[in-house]
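Starting off with a structure, shown below.
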Amino acid sequence: MELKVSRKSKSKKTVITVKDVKIGNGDPVIIAGPCAVEGEEEYIAEALFLKEAGVQILRGGAFKPRTSPYAFSGLGVEGLKILAKAREITGLPVVTEVMDPRDVEIVGKYADILQIGSRNMQNFTLLKEVGLVDKPVLLKRGLAATIKEWFLAAEYIVNSGNEQVILCERGIRTFEDYTRNTFDLAGMVAALDLTHLPVIADPSHATGRSELVGRVALGALAAGADGIMVEVHPHPEEALSDGRQSLDYEEFKKLMSVIKRFKSQSV
Amino acid sequence: MELKVSRKSKSKKTVITVKDVKIGNGDPVIIAGPCAVEGEEEYIAEALFLKEAGVQILRGGAFKPRTSPYAFSGLGVEGLKILAKAREITGLPVVTEVMDPRDVEIVGKYADILQIGSRNMQNFTLLKEVGLVDKPVLLKRGLAATIKEWFLAAEYIVNSGNEQVILCERGIRTFEDYTRNTFDLAGMVAALDLTHLPVIADPSHATGRSELVGRVALGALAAGADGIMVEVHPHPEEALSDGRQSLDYEEFKKLMSVIKRFKSQSV
Amino acid sequence: MELKVSRKSKSKKTVITVKDVKIGNGDPVIIAGPCAVEGEEEYIAEALFLKEAGVQILRGGAFKPRTSPYAFSGLGVEGLKILAKAREITGLPVVTEVMDPRDVEIVGKYADILQIGSRNMQNFTLLKEVGLVDKPVLLKRGLAATIKEWFLAAEYIVNSGNEQVILCERGIRTFEDYTRNTFDLAGMVAALDLTHLPVIADPSHATGRSELVGRVALGALAAGADGIMVEVHPHPEEALSDGRQSLDYEEFKKLMSVIKRFKSQSV
Amino acid sequence: MELKVSRKSKSKKTVITVKDVKIGNGDPVIIAGPCAVEGEEEYIAEALFLKEAGVQILRGGAFKPRTSPYAFSGLGVEGLKILAKAREITGLPVVTEVMDPRDVEIVGKYADILQIGSRNMQNFTLLKEVGLVDKPVLLKRGLAATIKEWFLAAEYIVNSGNEQVILCERGIRTFEDYTRNTFDLAGMVAALDLTHLPVIADPSHATGRSELVGRVALGALAAGADGIMVEVHPHPEEALSDGRQSLDYEEFKKLMSVIKRFKSQSV
C-alpha cells in the first residue's frame, strides 16, 4: 500500500496556506523567532524586528520540552497569549509547539501552526490528536528517526484527517559531537522527492552553533528546501534556552540579505 | 546539583516490591510474555505456562505504539481486562505500557507496573503524569538516548513524586542493522553504578532475533542486571507483532533452565 | 598546542595549485570522472567529454578499495597509465587513490593529486608516506571520524612535511540507510572555519543515489565548499563499481549548467 | 556465493592453536597485558605477574596507531624484542599489532599472533599481506564496521591463504559518549553463529573505563565468547596510553578469580 503522504499517492505538491503565506509553492518561506517566549514586551519587540527583517512566520515556544526537569520549561498559556498578541500586532502567523494531547485545543486556539517536536515524533497519541485539528502541523524529524519513520509519523496525522503537514529536518543524532546534531541534507532532499509535503530545514537545532547556522541555511535553500526556521534572540548570551545556537539581530539581518539575493537569483 | 536518581544522592540501592516480587535485591527477576495481548483465552494459557516455567512478572501490551498507523495497535481497555484476569488467575503481577497521559489512571487500575516505551522516554508530559501515581514505572531507554538523558527522564518521574522507577536497557539505534538495535551492555552496567534504581535488560527488542535473545539475556545477567524482560509467544510466526524476536515455549523453557543454573551458582 | 592545520596556526587560507587549477581561492573547482578506470578507450572518451563539460580535474580509480575481496579492485598500474594518457590528451590534472604505502611512489609518478580514501583515513603508515611526497593529497573523511580526528589525520600529512592537503567530506555512517552515508554539511562548514585547508564535497559517495547528487552538490557549494567531486559514467547501469551513484552524461551536463549559473551569480 | 569464513562453507568450528593454547575449543582464553610495551624491565615484570594470575596469552603494543601524530606511538622493533624476551621467559605466546604491510615479516618473526587494529580493519593491502603469513591473525572489528563488513575483512585474509583468523569485538562508535565505544554483545554472538572462526571480546577498548571492564568481560563470557583481551597496567595512572581503561593488578586478580569460578561452573 502506498502511503497517503507519498508522491505515488499524490504527485502534485501540497501547498499550505497560512494567512497570506504559502508554504511549498516554490518560494521558500522564512520562519524565525526566539527558542522560548520569555516575556511580552521582549517578544513583541522581537516580532516587530523580525517582520521588518522580512520574516513571514513567527516562532516561539510556550510549552518547552526540556531534557532536565529542572530547566525552564516555558510560560505555558501565558506564552500562548503573548504569541497571539504578537500575531495581532504584526499580522504574521505564529507557530508553536504542543506537547500534551490535552493542550492541542488551547494551542490551536492561539497559534496558526502546531509544532510537534523531535522528541514527540513518535508520540502516536499526540500525532493522532493533531490529526483531528484544522490547522497545519509542523512535524520535526526525530533524533533517531529514519526518513521512512518520519513519513510514517506524518501518515498518522494525515490518516487522522489533517492533510496540512509540513516536514522539518532538524538534524539527527550521530557520533559527531562538534555539532549538536548532524543536519541531513540528503535526507531532506529525499523527503522533497518521496512525499508531496512541504519540507523545511531548521539549521539552528541541527548545528547548535550560531556561526554555522547561516551557511547551513543557504545550503538547505540551494538544495531545494521549502523554507527555513531559524532561532533569533536579541541577546543570545542571556537566552533562557538555546542561546548558543541563536543568531543575534545583526547576524540575522546579514543572513536575510544573502537569502534575499539568493531568492531573487533563483527566479 | 545531584540528581535524585543518582547514587550520590542516595547510595543505598532501591528495591521495588510488587506483590511478592522484589526487584533490585540482588536476585534477578524474570519478566516474560507476548508482545501484545491478542485474546483472552490465548493470554491466560500463556500466563499459566509462564508461571509454571518460573516467570515472576507477566508482560503484555494493550496499547501498542506502532511505527505505522496501519499496524495492529493493541486491544486497548479490552486488553487491560485480560491482563487483570491473568493476574488474578496466576497471582503474578503484570506490567503493561501506557502511551497517553489520559490513560494513566485506567492502566494503573489494571496493571501493577506501568511501562513507558522507548519512543516516549522523552514524552515529558507522560513522565510527569506517571510520577503522580503510586505504582512502579518501568522506564525503557530511548533509541537515541544517552544514559544521562535516560537518568534525566527517570528524574522527571521521581521529581513528580514517584520514586519507584525501574530502568530498562533495550538497545540503542546505531549503524548496525543485522540486529534490530544494539544492546548496550556497558551502558546498562554504568546505570547500575550511577543510579540507585533497579536496571533490567530487554534482549528481545535489543536484538530483534530470537536466536540471539538467550545469550544476550545471560550476558546481561552475568554483568549484574536486576532482571530481564523477554518476549515469548506460543507461535511466534503467527504473532500480530514482533514475532521475529519472540521465543517459543521450548526455547523459553531451555533459557529458564540455564538461568536457574546460573542463579543457583551465583549464590 | 595548536595543530598545524588549524586556522589558529595559520589564519590565511591555503590555496593549492595543480597545473592551471587553483583549489581554495574562492572559485569552486569541479572534479569528475568514473569511479574506476575500466579501459583506455572508454576513459579517454569520458575525459574528453568531461573537459568539454567544464570539469577542471579528472578522477578515476586504478587501485580500488573494495569491501569484498571478490569485487573488481581496479586495473592497477595499467589504470595509472590510462590516467596519465588522459591527462596528456586533455591537459587536465588527475586525482587517483593510493592504498599501499609501497605504491605511493608509482602513483605519484602518474597522478597530480594522491587520494587517501575513507577507509584509510587512519592508516597512519600511509598518511606519513604521502606526507613525504611533493604532490597535493586529497584526504577523505573516514566513515566514523569526527571532524577533529579528520583534522588530526591531515596533521599527520602536514607534520611529515607535505602542506598541500585538501579535505573531502563524503558522508559519515549513521543509522539512516536510505542514503549510503549521511552527508555532513555542517561538519564541512566547520572544517572550512577551523582549518586553513581547502575543503571539498563528494556528494556521490555521500548519498549513493544519483538522483540526490546534484542538489547535495549545490547545497555544498552554497554553503561555501571549495569544490565538488562527482562520479560520472556514460552508462551507470554497466559500471563495474558504484553505478547507482553515478550521473550519466545528460544528468552531469544539466548539473554543470546549474553550477555555472550559480558561480556567475556569486561573483 | 558463500564466504569461506561462513558456517555455511564450513560448519565445524575453527580451533586455533598457539603454543599450548587453543582458541575456539569451548574453554575461553584470557589475553592480557598493557596497551603499549613501555620498557623491558617493566614489561617482563608484568608478564610474570600475568602468568602467575592465569593469563594464557600476553598482549602489548610495539607499533601503536595513535589518533594524533604527537602521541606516543610505541617502541617499534625495540618493543618487539621485549615481547620476544617476555615470551621466552614466561613461555606464553604473544600478540601484537602490525600496522604497515612492510612490517608484517618482522612482526611475524617476533610475535605468535598478528593483530590488525580497528582503524585498519579495511586496510585491504594489510589484510592481504597477513593472509600470506603462517601465523594466526587477531582481527579487530572496525569502529564503524557492520558485522558483515567484519566478516568480509576476515575473508580477505582467508582468501589470501591464511585460515587462522580470530575475530575480536571491541565496541563500535555510536552517539553514546559515556563509554569510549559501545560494546556490541549481540553482534559478537551473531559472529559466533555466522562464522566458524573464534570470536573474542575486548572490554577495555569497548568501554574505555576500567570500572566497567570486569562486568562487560563476564557478560561476554556468559554469552559465549571464546576469550577476552584485557588491558592491565601496574600503575594505570602513569600509562603512556589508555590508562583510563586499564585494570591495575588488584582489579585484575579479582576479575580472574571471578572468571575462574565462572569457568569451573560452566564445565
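Letters are used for the chains, namely A, B, C and D, taken in the order the chains are written, and counting of residues starts over at 1 for each.
Definition applied: contacts are C-beta pairs under 8 Å (C-beta built on N, C-alpha and C of every residue); 3 or more make two chains touch, one makes a residue touch a chain.
Every value quoted in this text rests on a predicted model; they were computed, and no experiment measured them.
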Contacts common to chain B and chain C (chain labels): A, D
Most remote chain, CA-based centroid, reference being chain C: B
B-D compared against A-B, more contacting pairs: B-D
Geometric centre distance via CA averages, chain D-chain A, whole Å: 48
Distance from chain B to chain A - Cα centre to Cα centre, in angstrom: 34
Touching two or more other chains - residues of chain A: 144, 173-175, 177
Chain C-touching residues of chain A, taken from the complex the two chains share: 144, 146-148, 171-172, 174-179, 182-187, 189-190, 193, 203, 206-207, 209, 211-212, 215-216, 218-224, 262, 265
Residue ranges of chain B touching chain C (in the complex, touch as defined): 173-175, 177
Residues of chain D touching chain C in the complex: 1, 65-70, 73, 99-102, 119-120, 122-125, 128, 142-144, 149, 152, 155-156, 159-160, 173
